[in-house]
Amino acid sequence: MKLLEYQGKAVFAEAGITVPASRLVTVEPGGTKQALRERTAEAARELSAEGADGADGAEGAEGNRHGVVVKAQVTTGGRGKAGLIKTAGSPEEAGEAAEAILSRDATVRALLVEEMVSIERELYLSISVDAPSARFLILASASGGVEIETLALEAPETVKRVEVDPFFGLQAYQSRGLAFDLGLSGDTAKQFAKVVGALYEVFRSRDAELAEINPLFVTSSGRLVAGDSKLIIDDNSLDRQKEFEVTREQFGTETEYAAALEGIPYVQFEGDISLMCAGAGLTTTVYDLVQFEGGTVANYLEFGGPNYRKARRAMELCLENQSKVILIVTFGTIARADVMAEGIVEAIAELKPDRPIVTCIRGTNEESATQTLRDAGIEPLLDTEEAVRTAVAIAKGERQ
Amino acid sequence: MSIFVDETTPIVLQGATGSEGSFWAKHMIELGSNVVSAVTPGKEGQELHGVPVYHSVRRAQAVNEAEAAMLFVPPRFARDAVFEALDAGIRRVVTIADGIPLQDQVQIRAAARAAGAQVVGGNTSGVISPGKSMLGMFPYWIERVYRPGTVGIMTRSGSLTNEVTAWVVAAGFGVSTLVGVGGDLVPGSRFAEFLPAYEADDDSEAVVIVGELGGSMEEEVAELVARGEFTKPVVAFLGGRTAPSGTRMGHAGAIATGSSGTVAAKVAALEKAGALVADRPRRVGELLRSVAA
Amino acid sequence: MKLLEYQGKAVFAEAGITVPASRLVTVEPGGTKQALRERTAEAARELSAEGADGADGAEGAEGNRHGVVVKAQVTTGGRGKAGLIKTAGSPEEAGEAAEAILSRDATVRALLVEEMVSIERELYLSISVDAPSARFLILASASGGVEIETLALEAPETVKRVEVDPFFGLQAYQSRGLAFDLGLSGDTAKQFAKVVGALYEVFRSRDAELAEINPLFVTSSGRLVAGDSKLIIDDNSLDRQKEFEVTREQFGTETEYAAALEGIPYVQFEGDISLMCAGAGLTTTVYDLVQFEGGTVANYLEFGGPNYRKARRAMELCLENQSKVILIVTFGTIARADVMAEGIVEAIAELKPDRPIVTCIRGTNEESATQTLRDAGIEPLLDTEEAVRTAVAIAKGERQ
Amino acid sequence: MSIFVDETTPIVLQGATGSEGSFWAKHMIELGSNVVSAVTPGKEGQELHGVPVYHSVRRAQAVNEAEAAMLFVPPRFARDAVFEALDAGIRRVVTIADGIPLQDQVQIRAAARAAGAQVVGGNTSGVISPGKSMLGMFPYWIERVYRPGTVGIMTRSGSLTNEVTAWVVAAGFGVSTLVGVGGDLVPGSRFAEFLPAYEADDDSEAVVIVGELGGSMEEEVAELVARGEFTKPVVAFLGGRTAPSGTRMGHAGAIATGSSGTVAAKVAALEKAGALVADRPRRVGELLRSVAA
């Protein structure tokens, strides 16, 4: 689960990492532009007031008394380039910024209005997993603000790494050493080491896949402040991470949100063919084959594993798309072919889909599955490539 | 001979008294797997398909010493069960659990490395040497997919493995040992770590890799091939060639992050090393024919 | 630091280990026997009342409604044999038990009055450190209530052990396996595994040297209840274990308490010679040599290491004894001989000790030390055995 | 040659820029110790007695590679400093800190074992090969106590070591290498773990053990002697023969628990193995004369 910036920052602040003072402005569905402008301006005004009397010392850093940043709360990257982050010198400008952001992306559901921090320099810090070594991997750079991949390519010598043994845990010498390796010194080095320790605690205690602060500001008064947050919680750990809930604002579309609530892996695209396939590997492969055949994908949906009995729900999700055909490809072992075929037949009977369905269902009890489909009037295919070609031809209108 | 497991390898089952575990335990035994014990806390004294059940792996080991452990425990108990197997001296472990927390997987792999053990999984179908032994869940009854033969297969996938293996068989080959390292971000064991065994295995004339975007396991194979440490023919199929960068499709760890982890990079590394790469499952069979009898 | 039973039980209860309902009765210095009887009886009465209406469900186990146990809170072992634990069938009997205990040992400063638990069987459980393997060591036995050393000798097959890697930590399979290895089953096995986990948490989080529950009762209604607690906190960890304070009641004598507050290792004996020596090894060796020469020791005191500048305080502690001579033996490196000699000379000048002092001070700057002592009119010895013989002779009145 | 450290062993100092560390660092260098770097976070660029100071052990190692680390850090930072040394590849570490938390010591020893390293201490004076090198704090300037020679010494004590060594010297011998394993309940390294090195050391003709009640380190020595794995003469002195059972005297881990850990048991084990046991320090010299030239 990718947390939104403000959610991640709340976790950071709780762990003792300083974040800018802020207000969250939610975008009411159906609300007027005027209302949004006003609420954003009000948030900016409150922040300025706090900055003026310094009341927000607990979580706030020193701010520019009037300047704020308005940031769209979406989980996609590249918000700056996409025009989803704007600075504002006054509450009125903040309101205008909010409106401008929404005009860029109407799916935005929340805005974070933050005090503007006086920035001396920007660092990079992240913690993730290094699979080959089975270590937690801390990456840091004295040149923050850009993507770590870009940094690693353009200035590899600036990217420092520390590997943490999962049983030993992070040691003080490692955080300290990283600070010195970045060229930090004195109090900045000490603060940095503390942030590393706190972020590691966040990473471990929240079962994160990634905990990233980029940029990590060094303010002109020498404080370290998290300029952004990227916190991805491991989906496999959500049953022991009760604190985090799947919320609508984490998703671009209602369908993605609905699929996530259902536990069905689902990604929305803009093409013609709805994939409803079993297994990540096979689904990805079918995606490739569709592309090879000149087709386009409307959605990726994994119908298999724990979801192989959810044919109806999976098909419903596919039908919410503007796809032209649903392509079902499976080759299951536990996800029995006969059960899947029965589910599909039932789903068709109930949902009466408005578009053709191509099936290629193999695996355990595949003979029975084939019979079930035939009995329901579907002509089952048994070769993946043939099924893909058929679906592409239908999508192109070359056949029905 | 085979790799990892053959008909002589004594096996202990952990968490196999539940309905699904019991179902697959029965199939394992039917296929020839030498299951000597089962472990379910609280059920010592019972039997499972004629196999004695013990409270703990240590207690089982004291009676019937197993060399491999097959875990049917749920994801959130997988770490504990793997640690228990390792602590009892077992050095080959398969855990099929789909959904093991990432940081548990990191600890599982770290513990395995520290112990000098191979843990296969999670999120895998397991390991099968068709006709000899099986650790996990494979539709070995589908003859057109699982037939004994001379091709070693390593895979990160489940359904896709069936798809690819079917093409291997269709091309006239069979499988020596198939190892499903699993689809998790941090599998307990990695492709390259099995290559020495395949190299030494008389039954394996070539190896097929079923990979996908994300991670670096395919590049590690390329490295061993390039260094001449693995000399048998390698044929790879990789899913996710056209996946949009940065999009995470599925829960299987298929994350493409920038330039590294892309299928393009993997294909380049493998081909440079001299491996053959199929662009679609069907091609795996064709390429195998070009390099093996 | 050896915690008293009630202190250890408070920690156990916080960790979720069930302990009997109880009341602490402190022994007021100078209080009357009558007052102690009454307060003890009142405590027993309160417990009975709670047992009757079941109000104490949070920390209490099911009790005999009227029976209580009165237990002297001292850190020495063998309380039962020493008559420091007594059962009572009524509040009045409880008062009499308190009086009887104090008549056995007048140094007792606190009594724990506990509900009497209906016992089905007694187990043993402890966690300590195994130095050679560098593991935490859990020992358990289905035969509790006796010393583990006795158990290990008389019924070694009943003592089960689990080694815990300090980095991996205790794993669920280990606690569970231990329960089954003890022959426990069903809910008792589950409860036992939970107690093991909780005691391990106590052991680790409190920096314990030893965490022991002996006996660990299985009550007739199947609950696991800690019958006693033995919790020794590592003295080297006290600066990160702020929760624990050195208290008077942990010590048999005022002098031992005073020494502990000062950080001076001190043990009280009943003999003639006060040892004031540097280093645990050398002090222990001098103790041996005194015995070899037919002498007896009044107190063991380590005057060295971090305390080598505390000659005055060390000598004061020795003078609180009824010893006949003070024997000072050192052979220091950092604990410089000259500094120690100067301290001793000053201490003598200030305290004007009423008994002879024998010195054998060697090590860094020993020539200067020798001169300092001579200048003060002391004839310094330089051979340990000679010093011991001299002290023994003085103690026996054979010389001055 | 010597064991653990000689005049060629490059040494890095950790936490030696404080007053006490600096004092002993100077003595170390005077005695011949090959100190190549010092590490104190925040002080990189400074010098300590002509030795360059670095922020971290890794940074120091990148310039001057040390093989041994000498730690003058306070007890509560000892674990971190030891881990830092081990992580930087150093396999011989001495920590003198007196008062390391017990559970930290357990982790220090466990980490050392996992890394295949020897950590000496805490609560020790360190290691000295008189006339060659010193890691720690010994009054080597007292000729009647520390004179080069052919007797290896291992000890759990501080002051008592000076006492015993004085008798070794008084008997006409000198010291090859003295290893203070330290007085803690869980020392980083144990007596028996140095015996192979003493066995191989041409400079050591005999070994003296200065032990005490509590623990099992003396019994472990007896076991190696009994098994014939250590063949040179062993003379032991053990403090605490008359200590009341169950009484804890001092903070040095001298806990006698029941039958095991008593001096009587240790003496019995050592004598049965063929070692000589002195009942008082003076006897150590006499016994040495009976077995060594």
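When the chains are written out, they are named A, B, C and D in that same order, and each has its own residue count from 1.
Note that in this section contacts are C-beta pairs under 8 Å (C-beta built on N, C-alpha and C of every residue); 3 or more make two chains touch, one makes a residue touch a chain.
Since the structure is predicted, the reported quantities are computational estimates derived from the model, not experimental observations.
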Most remote chain w.r.t. Chain B, using mean C-alpha positions, is C
Separation of chain B from chain D, taking each centre as the mean of its C-alpha atoms, in whole Å: 49
Which integer distance in Å separates the CA centroid of chain A from that of chain B? 29
Please compute the C-alpha centroid of chain B, do the same for chain C, then give the distance between them in whole Å. 55
Would you please write down the residue numbers of chain D that are in contact with two or more other chains? 111
Out of chain C, which residues touch more than one other chain, so two or more? 165, 167-168
Line, ring, star, complete or other: which one describes how these chains touch? other
Determine which chains touch and list them pairwise. A-B, A-C, A-D, B-C, C-D
Complex contact set, residues of chain D against chain C: 20, 75-76, 98-103, 106-107, 109-111, 113, 125, 137-139, 141-142, 155-163, 166, 183, 185-187, 190, 210, 212-213, 215-216, 220, 239-244, 246-252, 254, 257-260, 279-282
Under the stated contact criterion, what part of chain C meets chain D in this complex? 77, 129, 131-132, 134-136, 147, 149-150, 153, 165-167, 204, 207, 209, 234-237, 239-240, 265, 267, 269, 277-285, 287-289, 291-292, 300, 302, 304-306, 330-335, 362-364, 366, 384-385
Note: in the complex, chain B contacts chain C through residues 41-42, 44, 55-59, 77, 80-81, 83-84, 87, 111
List the residues on chain C that touch chain A in their complex, please. 165, 167-168
Would you tell me which residues of chain C are touching chain B in their complex? 168, 171-174, 176-177, 180-181, 185-186, 189
